[in-house]
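In this document, chain identifiers A, B, C, D and E correspond to the written order of the chains, with residue numbering beginning at 1 in each.
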Amino acid sequence: MNKTISDILSWYKSENPGTIKNLYRMLASGRLGGTGKMVILPVDQGFEHGPARSFAPNPEGYDPVYHAALAVEADLNAHAAPLGSMEVVAPEFAGQIPLILKANNHDVLDKSTDPVPAFTASVEDAVRLGCTAIGFTIYPGSIHFKQMYEEVGEMILEAKREGLVAVVWSYPRGSNISKAGETAVDIIAYSAQIAAQLGAHIIKVKPPTDHIELEEAKKVYDKYRIPINTLAERVRHIVQSAFAGKRIVIFSGGAAKGKEEVFEEIRQLNAGGAFGSIIGRNSFQRPKPEALKFLDEILGIYEGK
Amino acid sequence: MNKTISDILSWYKSENPGTIKNLYRMLASGRLGGTGKMVILPVDQGFEHGPARSFAPNPEGYDPVYHAALAVEADLNAHAAPLGSMEVVAPEFAGQIPLILKANNHDVLDKSTDPVPAFTASVEDAVRLGCTAIGFTIYPGSIHFKQMYEEVGEMILEAKREGLVAVVWSYPRGSNISKAGETAVDIIAYSAQIAAQLGAHIIKVKPPTDHIELEEAKKVYDKYRIPINTLAERVRHIVQSAFAGKRIVIFSGGAAKGKEEVFEEIRQLNAGGAFGSIIGRNSFQRPKPEALKFLDEILGIYEGK
Amino acid sequence: MNKTISDILSWYKSENPGTIKNLYRMLASGRLGGTGKMVILPVDQGFEHGPARSFAPNPEGYDPVYHAALAVEADLNAHAAPLGSMEVVAPEFAGQIPLILKANNHDVLDKSTDPVPAFTASVEDAVRLGCTAIGFTIYPGSIHFKQMYEEVGEMILEAKREGLVAVVWSYPRGSNISKAGETAVDIIAYSAQIAAQLGAHIIKVKPPTDHIELEEAKKVYDKYRIPINTLAERVRHIVQSAFAGKRIVIFSGGAAKGKEEVFEEIRQLNAGGAFGSIIGRNSFQRPKPEALKFLDEILGIYEGK
Amino acid sequence: MNKTISDILSWYKSENPGTIKNLYRMLASGRLGGTGKMVILPVDQGFEHGPARSFAPNPEGYDPVYHAALAVEADLNAHAAPLGSMEVVAPEFAGQIPLILKANNHDVLDKSTDPVPAFTASVEDAVRLGCTAIGFTIYPGSIHFKQMYEEVGEMILEAKREGLVAVVWSYPRGSNISKAGETAVDIIAYSAQIAAQLGAHIIKVKPPTDHIELEEAKKVYDKYRIPINTLAERVRHIVQSAFAGKRIVIFSGGAAKGKEEVFEEIRQLNAGGAFGSIIGRNSFQRPKPEALKFLDEILGIYEGK
Amino acid sequence: MNKTISDILSWYKSENPGTIKNLYRMLASGRLGGTGKMVILPVDQGFEHGPARSFAPNPEGYDPVYHAALAVEADLNAHAAPLGSMEVVAPEFAGQIPLILKANNHDVLDKSTDPVPAFTASVEDAVRLGCTAIGFTIYPGSIHFKQMYEEVGEMILEAKREGLVAVVWSYPRGSNISKAGETAVDIIAYSAQIAAQLGAHIIKVKPPTDHIELEEAKKVYDKYRIPINTLAERVRHIVQSAFAGKRIVIFSGGAAKGKEEVFEEIRQLNAGGAFGSIIGRNSFQRPKPEALKFLDEILGIYEGK
């Protein structure tokens, strides 16, 4: 087995060979296969933000097949989507690229400060649809943390029984933190730690800013001079916060922005030791040829080119 | 197999042949059989609005048999009703016309801004009664979205195991949206997307107005000049929002109005690519001969006459 | 998706996407990936014939890891083994090559004319070990056919729920047939049909002789002049007997023999439209470099070289 | 069996031999094995306080393996950690040192006066990971006492069925008590009693101050001249409050402070009849050689040196 | 972790950390702890042969406590016994020495040529009694092989879920083999292979004679000149037959004989690479001081003294 992959798998020895196999498939698939890096195309925005906001910029995206095909053509590691989309794409794509069933979702009609995502799919769905992984969102900082951690924790255990990989989108949000706190370096580090402790195999967080949200944390960052000036430094700290780098931590790109900005961000992520990126709107909202070129550039960065 | 039907069925390849068969029966039944269009007679108003409000205009309607017989006589694709009605009609009609068991219902005694429908029947009921499909209402925009999506999601999975078709009435409602928002084009599009993501095979929504409820959505409709001036244009957008037309989306008629208004509305629905209509009060509250003539006209529109 | 693979998968539309995915993986893996042909390394002889008879010719074979590594190095489509061997190899190889858990086995201590294999593993084992498929032996011609068909049938159904591929070794044997009947062309054809009817996705049979076992069958073969003179002709008949070629039928090589004999046999199998070979002793009982060369030649035949 | 251990085990005769065995393992392990004393290394601060605050002082601690190795090297009785950390360390350390799965946790993002910890692991997790015990926090003094006591009580019962030891961190907190009350001698005594009544086998409390929180309690402490002047006296009272010393009560050290202070505190704990200490930050936040020396000194105190 | 132990544990990577922990405990316990060797005291003869035949030679043995205490005093790796005995000894000894619940048993009242042991205990019993392992007898060569392999296979899977070690006593017996065949080298090798394939972690067989039972096997032993002249050579072959030494194979002593004979036999076992011995009657039927001296000598042999 490829040394890089086998080193990564050695961090997950508690899992049965079924889960190890699926983690292997994600690490071995696509152009980054074998590098220990991952680029994933997630498309849950239809549910999370509504269809027009998500797909009007590139109307081909109304069709779930477009996204799975884009992920395959761009030679990514995996594609993530909610139940209905997965039902459309799984019969054709389940063997071609690892699929991640996004099992809870939240819609923007709910404007609560402290939202709780609804489960829209189950472990049984992931099994019948041939998915490699199942994914969940948690919102650290929400007053509903107990309910969310418990519901997701139980699903993760069930997923492990079935040999699935568990992916956690750990997105700080809620009345326990400020708006700036949602991307504060201490909070993102904390969110990575919480997801890791809940048993996640792969953790997705946002790129952190140099803001520090918690007073008590600030003292520590100052006293121990934890380097957080550059994004690369902050990413290094986040990865360290997920068991000293023994959990796969990948980063989202957030709202669409200029390509050069994205590439520079990803150079920093890579420099900081990120395991990869999960890039949704920034890719699927561009016309396909442009999206492919855009993703090609990103894969190149992670290949160290 | 009829090409139109087999094209539609190709969008549902995740399902087992049991579900495919039942979807086929709905698409192949009645006068519209084979056209890819559907007209369904739903009668849950006895529960939803009370018997007198529903049936006094045409007292024959107090008897559930009246409705099933009307649907058969009008040569529609299917008939939907709650448990008790279904228990009355299934022994005679289950073989003659596809039956949809409406499995959750809400009564007007509850005047909550954020209602949650009660499950009044189960998948087991649908099976024992020989139903072809099972139907559920969800209210996107309700603060109880999590409970509703999860309950309905679990029932849909169970229905699929049993080879039933899952129909979702996706009716925006609740304190997260305004009254106008209940039929706003962005919200109806969003509701169709949500139902599709929950795994619905057939989605029923209301005809959308040109109101746009969400600020963030408005920007996108404007920027990308999504055509929403005519009802046909809006319908086209709704259908697109349910997986680029890969889910069957049908439209309700809403409160009774003049016949001509209804026919014009249905011409627009058809022009916009709607898969059909679900017409309750507007048909069963008329005397039978009139209702039959009324439905005959509607079927004619969908036949492209 | 590769056209050859998607044509094959189109024969299995009853299955959920989980099973389709795993069938895809088997058809897409290894050097024959995408050709619609399969060569599989099965190693259950330790259990079936005892360890010395199986592994003394090439003692490296006492270690289950040897076989999985051989299958990977030879770039085959899959590797099959019983539970204990699978427990040894799955943690390292489950992601690298599709694994088939051989779930029932028989030992030669039992010399019954009508043996019944014992279940030595379960569907749960296949899931926790990350297997792609689960395999079973049946003995058409045994007086215990009812018990065997029923037990295997139940396991196949359970396997399909979990998205596994079901492989059936259909080996005529028992007091209902003669010794010559075990490889008679009518009986092998019959065994392929029975396995297909039990719900198998992949069927393994022995290359048939031109003997015809059953009197009634003989009349038909004669009357309709079914061509069975060459092995290629007989193979074509066997494949036809499994739903006109709509089930994957592969052929075993049987006891070790001269290499040239094997190659000639496989040329005939390929000419007759066999989907591939399952080659155990003939490969793993040779020293590794020789085995690799031997398998390379066989893969070449199926590649049409 | 060692007399001291068998005396202690005699207090737990209700439990099945599985639980007795695991309690034995905790009492027999490490340098204090057989003395009836315990020193445990708990590391849940990554979840409870965030990673930087916990591990920046000694960055090796970002890796869960560091802590398990430290506990083994220091020859302690057990190591406690949340699910994710346990998944990292269990495959290597489960046999070497008793592991306690910390099954509920709370993060400092939640600043409620009356927090409720979230369950982040289950009894099934403890079993599959080879843990010896499972641990829970309760907050006596919280308005949510009912929910917490009931949830933890159910898990304790389930743990006992599986032969696990149940450890309860009984930490007074919430709007029913004052800040000073969190360590008041009457409240700590009360918390020990409550944990014992919930079925805990091992109870962890904070060292009590001489403050008395409750008016009614104060009268009694005065009237009966319960000695609470020295920490040793107060510890004696706490131990007495947990069934006259028939439950293992151990004490936490709280926030890091000077070494000499800690040693003096532990001398008092030992003098008062404490069964041991649970020492987290004070050990793992020091460099390893210093931590080992620090723990060596503490073990020496409990050995009566 | 001790290198010898971690090498052995690396062969069992499919198992969860619970099972790994218990295997570790067996390999780390007693005087042979850490050597990779095991001596186990099994006492199921009261059930298997009747009490007087078993215990009259040393009447202290009527009391189950005697045996557990002997195993502890002799510093062995583990003690095995049926349910009732275990219920007597577990409360005191479960923590002191790994216990193996012998879960199926056969009594001599049944004189069938083809006996089937009865299950006298369950996995739940092993859990509640704090056992480290659960043990089963199978009789390869029996006409009831199917029933036995299936029953034991299911219990092994259940044991693994609970983190227990599975020990299989693989004792050839039944009308498919001759009396001499019960200890024939080919049959013992075969029995070790079968137990390994059923998922056993530890396999117990009898020391093989140089008799070869099966005609087909004999040809192979001759052709490949498998060395089987000395017991050491035969043992090496048996160990090889259990996955090239990747499963722990231990040997019973059989009926009581002279001490020197036993020691010589164990020297041969050790020379042949056996992982240890399981010694019942030969130890517990001697007076305790003699038994201890006897076991001390045996442990010395495995220590290489």
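One rule holds in what follows: contacts are C-beta pairs under 8 Å (C-beta built on N, C-alpha and C of every residue); 3 or more make two chains touch, one makes a residue touch a chain.
Keep in mind the model is a prediction, meaning the values are calculated, not measured.
J.: Can you list every chain in contact with both chain A and chain E?
T.: C, D
J.: Count how many hops through touching chains it takes, at the least, to reach chain D starting from chain C.
T.: Shortest path length, in steps: 2.
J.: What angle, rounded to the nearest 5°, describes the rotation that places the Cα atoms of chain B on chain E?
T.: Angle of rotation between the two copies: 180 degrees.
J.: Rounded to a whole Å, what is the gap between the Cα centroids of chain A and chain D?
T.: 36
J.: Where the CA atoms of chain D average out and where those of chain E average out, how many Å apart are those spots?
T.: 40
J.: Would you mind pulling out the distance in Å between where the CA atoms of chain B average out and where those of chain D do?
T.: So the centre of chain B lies 58 Å away from the centre of chain D.
J.: Name the residues of chain E that each touch 2 or more other chains.
T.: 13-14, 16-17
J.: Could you classify the connectivity of these chains, where an edge means two chains touch, as line, ring, star, complete or other?
T.: It is other, because the touches fit no line, ring, star or complete pattern.
J.: Strictly by the criterion at the top, what is the full list of touching chain pairs?
T.: Touch list across chains, by label: A-B, A-C, A-D, A-E, B-C, C-E, D-E.
J.: Quick check on the complex: what are the chain C residues that touch chain E?
T.: These residues of chain C touch chain E: 46-47, 49-53, 56-57, 59, 62-64, 66, 82-88, 90-92, 105, 107-112, 116-122, 124-125, 128-129.
J.: For chain B, which residues are in contact with chain A within the complex?
T.: 11-15, 140-141, 143, 145-147, 149-150, 153-154, 157, 172, 176-177, 186-187, 189-190, 192-194, 196-200, 214, 216-217, 220-221, 223-224, 226, 237, 240-241, 243-244, 246-247
J.: Show which residues of chain B lie in contact with chain C when the two form their complex.
T.: The contact residues of chain B facing chain C are 13-14, 16-17.
J.: Given the complex with chain E, which residues does chain D contribute to the contact?
T.: 1, 6, 16-25, 28, 90-92, 94-96, 127-130, 161-163
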